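Per-chain numbering from 1; labels A, B, C, D, E and F assigned in written order.
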Amino acid sequence: MTANISTTSSKNDLVLEGRGLRCVRGERQLFTDLNIRITSGNCLHVRGENGVGKTSLLRLLTGLSKPESGEVFWCDHSIAIDPATYHRELLFLGHRDALKEDLTALENLQMYAALDDVALSQEQALAALWRFGLRGRENLSVNCLSAGQKRRVLMARMLTRQAKLWILDEPFNALDIEAVHELRNLIIEHIASGGLVVLTSHQEVHIPNVQVLEL
Amino acid sequence: MTANISTTSSKNDLVLEGRGLRCVRGERQLFTDLNIRITSGNCLHVRGENGVGKTSLLRLLTGLSKPESGEVFWCDHSIAIDPATYHRELLFLGHRDALKEDLTALENLQMYAALDDVALSQEQALAALWRFGLRGRENLSVNCLSAGQKRRVLMARMLTRQAKLWILDEPFNALDIEAVHELRNLIIEHIASGGLVVLTSHQEVHIPNVQVLEL
Amino acid sequence: MNQVNNSSFSNSRLINWFKLSSPSAFYPLAGKLIPIFWALAAIFGLAGLWISFFVAPVDAVQGQGYRIIFVHVPASWMSMFLYLVMAAWAGLGLVFNTRLSAMMAQALAPIGAWMAFLSLWTGAFWGKPMWGAWWVWDARLTSELILLFLYLGFIALQASIDNPRRADKAGAILALVGVVNVPIIYFSVKWWNTLHQGASVSLTKAPAMAQTMLWGMLLMALCFWMYSIAVGLMRVRAIILEREAHTDWVRQLSEVKN
Amino acid sequence: MRALLAIIRRDLLLVMRRKSEVLTALFFFVVVTSLFPLGIGADAALLRKIAPGVIWVAALLATLLGLHRMFAADYQDGALEQMALSPQPMVLLVAGKIIAHWMVCGLPLVLLAPIIGIQFDLDANSLSVLMATLLLGTPVLSLLGSIGAALTLGVRGGSVLMSLLILPLYIPVLIFGAGAVYANSVGLDISGHFSLLSALLILALAFVPWVSAAAVKIAIE
Amino acid sequence: MRALLAIIRRDLLLVMRRKSEVLTALFFFVVVTSLFPLGIGADAALLRKIAPGVIWVAALLATLLGLHRMFAADYQDGALEQMALSPQPMVLLVAGKIIAHWMVCGLPLVLLAPIIGIQFDLDANSLSVLMATLLLGTPVLSLLGSIGAALTLGVRGGSVLMSLLILPLYIPVLIFGAGAVYANSVGLDISGHFSLLSALLILALAFVPWVSAAAVKIAIE
Amino acid sequence: MWNSPAEFFAMGGYALYVWSSFGACALVLLFEPLAVRARFKAIVQRLKQEQLAEQFDRESGK
């Protein structure tokens, strides 16, 4: 399968680009010669049926796995060369929630802030959790939270982490209607302030400036 | 009680009933004095925002956890008294997929059939997998499957397990549009043949005979 | 008819018991009992110490060193006895699903562990002058060490399970399985030929030791016993408050009210 | 019965899928026993004296190492829950898992013991006694271990906590097992040791599956 | 640097959350060392002879048991992936985790060793040598262990496979560590042993974090 | 039996062993109730604080 997608930018700021990407899993070629280009203020929605290779593509874009051929560029620099600077700009949420079940929601947030080198005061962290309806549950260990509440903690992390590029794998899973709405606003806000978003979802997403990539 | 006058009607009229259910998690009371009653050919859709207690309710109904007070009855027999017969009629799918990642989809299906005491020939198992778009992936170990493909294996299990009562926790998660459609058909079929379904989902489900329980 | 009456009668008795076994009823009762047991412990303790140091004569073989017996034996006895009591409470909790008995078991475990520790410690400090070694791998010493491990395992298991109901049940299973060890400790001296002293207090035989020594030991043992009850009750009160923090009756307590 | 076989087959299949896993309990046994001559020195008489103890302790530890596998993985991915919801009684499933564990972690030790024994310079008579004690003792280890494995399900730091809970219970097996080999080497009668080991085995067979099943149910709740 | 501290704090916090976990490595050490006299018999002279070997082997095994915790949990729930995506170099994160592991599984052993030594009837001089060797040796164990822990990530039956990979690497530490105590007890010079142990430590410190970081990266891919 | 306090404390040459044993017992038996009391006070304190917080909530809610 080949596909080309690119978004035109008015200004010349941040660009995520994949050139000639090819991904092979087992003996199956998922896609080949895939070119994508996203610029500041845009959102790319990767769609396709189950098992078509959406998650695999996202992992290529983060640099967690390497493409069979082709390369990923961030602002015209290959991400393989200087991953640290790229990762400073990147936030990735996968299928799994990557929260430590034994720590509380607040501690999880603070721990990730320390790792990501982001200054995060206690008040900011609490405010982020409260915004997503976790008031009163900040100090509950994460394994007591429901499936949707765990995802909400991740949304709080999206708010506190100052990354320009968000790569989100099925972020709307397990969220209730209100939370879906809240998340959509968050993404719109992020785009409006010049961020980039790549996401997958099996539902429609109603977001301005959204490009759809059918895999 | 010794003289148990069982007035079970000869019609196969199955009833799942919860009387005065109360559920406490930690120090928080999720719901109290909840009465539900579902009969053959009906579907109950449990709704509510994240963390309201949907999963907890479903686990009470399966007998995996015990209510603080109240009881669950299957055809007027408390499920705590004879769990084995109840479990013979029950299929529960939780948030987690309960598939062994090291076994293939086919082996997983056969293993569950053996545990559930269901006769399942190789052809039947394969047919079930093929119906849900796993043709060519029957012999791939489950950890190679994508998120949606794993859920499809569970759908195949629903097809092969001859249970009357299905309790499904967010079964539409991670499925693509086509698979959602397929699953809906499966549920409708099951209801039409006199089965009972209890499910949670944050999206609308378009199923006839559906009652909605707002938690 | 008769039968029905009978059963309702015994039911009402049962209800009385169950009433006492509810934390809210037990909490104030425990509060009243604690000073009594402290007083008893003090009386027995003073008398026991008096006998151990000023009445009991010097031992012909062991000199003054034998006086360790007056703490060693009570600690050893209590360590075994408390384990049985703890397991019994835990088992009751498992079978009848009463919260209070599980809390009792939980409250007794640390005391039992300390008693086992003291038995080992005093034994070691006795063994050095008598046997020339702090520690030997003899059956009784070993099984007492296992007892300490069992206590610690029980405490560790309960501490690492967040859900208190589940912690109670899991702990109960472990405690019941571990009961096997107690008779092993007690009879180890009989079953294996060991360095350690055999039982010298027995109901059938005449006591093999001096009458005064026996009295000293018994008084000290009573002191340890009363002490264990007092501390156990104190701890169970704390545990009740922790577990029942969200209930109304706790909120109404005078010590909690501002 | 069919379910019992199914569960044994399933567990063995899972082990076989990772070929390494079949051999690792064995290798662990071999490596640990080989460490001792390295740590202690190569005095043959000394080695012969400590051989039964070392081999038995290594067997204990090797069994322990595989225990976490008995329920933990199934618990984590929800499969244990599904088993609890199957119409089979829990005891049966637990028994199946214990048997599978013994076939992977116990039986190979019994078969390998003579080779290890030769490294420690044991004679043929001692070797056969060693094998016999292991044959009686390792099932007890698997059985008792299942209690610990079930109790620590879903508990963080479970595998270390489990060793703490289980090792004290293993001690009688160790004492009689190693004791028999030692007694035999100094020419004492060993029928007492064997009858005690058999008694342990019978008791464990009779009670442990129920205890473990109860513990598993508590964990799932 | 801030990230290094953050990761150490995080790992220690996770351990503390389960209070039992701090103590369990310790107890495992105590229990295992207590098993040997039970298996071998209570002859004091014999025990004194095998004490260094037994204590060192027990230390090895205790370290090993905590190793699976170093990366496996983080790998499974995706946290390791997130760490790889943080702007910190992987080496730093790995180093933090190794330090945390040593603080939980190594340091307590050093502190507890004298008590165990007394059970084996060692004298004060031997005890101090034992502690010194453990102080030099346990960091090496944590370091080398991290390689195994990283290599076996996501591999089923990983913890057993890991012991298999790691134990052979541990052998030099064991030989010099136990050797020093033994040499001291028979009145030989032990400075050679100590300089070898120190050399091992320095080499491991210099190279291992990079190796482990590379192994972790491979596992995530 | 004892002619002087010094003799009593010397315990016929077994001072170290006897007093270590009795001393350890005394320490442990004293430490236990103190620890329990600290635990009790901590929980009572927490409960008090919670009640205060609730009171504030109620007052500010009005």
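As a convention for this text, a contact is a pair of C-beta atoms (placed from the backbone, for glycine too) under 8 Å apart; a residue touches a chain by one contact, two chains touch by 3 or more.
As the structure is a prediction and not an experimental result, all values here were calculated from the model.
J.: What is the set of chains touching both subunit A and subunit C?
T.: E
J.: Over half shared or under half: which fits the residue numbers at the contact of copies subunit A and subunit B, same or different?
T.: same
J.: What chain is the most remote from subunit D, judged by the mean position of CA atoms in each chain?
T.: Farthest by centroid: A.
J.: If you count the contact pairs for each chain pair, which pair has the most?
T.: D-E
J.: Work out the mean Cα position per chain and let me know which chain is farthest from subunit C.
T.: It is A.
J.: Distance between subunit B and subunit D based on Cα centroids, please, to the nearest Å.
T.: Inter-chain centre distance comes to 37 Å.
J.: Provide the C-alpha centroid distance between subunit C and subunit D, rounded to the nearest whole angstrom.
T.: Averaging C-alpha atoms per chain gives centres 33 Å apart.
J.: So how far apart, in whole Å, are subunit A and subunit F when each is placed at the average of its C-alpha atoms?
T.: 54
J.: Between subunit A and subunit D, what is the separation of their C-alpha centroids in Å?
T.: Here the centre of subunit D sits 46 Å away from the centre of subunit A.
J.: If you look at subunit E, which of its residues touch at least two other chains?
T.: In subunit E, the residues touching two or more other chains are 14, 17-18, 20-21, 24, 27, 31, 38, 41, 156.
J.: Residues of subunit B that touch two or more other chains: which are they?
T.: 95, 102
J.: Could you tell me which residues belong to subunit F and also touch two or more other chains?
T.: none
J.: Of all residues in subunit A, which touch subunit B in the complex?
T.: Contact set of subunit A toward subunit B: 25-26, 48-51, 54-55, 95, 133, 137, 140, 144-149, 151-152, 170, 173-180, 202-203.
J.: Residue numbers of subunit F touching subunit C in their complex, please.
T.: For subunit F paired with subunit C, touching residues are 1-2, 8, 11-14, 16-18, 20-22, 24-25, 28-29, 32-33, 36-37, 39-40, 43-44, 46-48, 50-52, 55.
J.: If you look only at subunit A, which of its residues touch subunit E in the complex?
T.: 62-66, 84-85, 87-88, 90, 92, 94-103, 107, 111-112, 114-117, 141
J.: Looking at the complex, which residues from subunit E come into contact with subunit C?
T.: Its residues touching subunit C are 18-21, 23-24, 27, 31, 34, 37-38, 41-42, 44, 47, 118-119, 121.
J.: Could you please specify the touching residues of subunit C with respect to subunit E in the complex?
T.: Per the touch definition, subunit C meets subunit E at residues 133-138, 142, 145, 149, 152, 155-157, 159-160.
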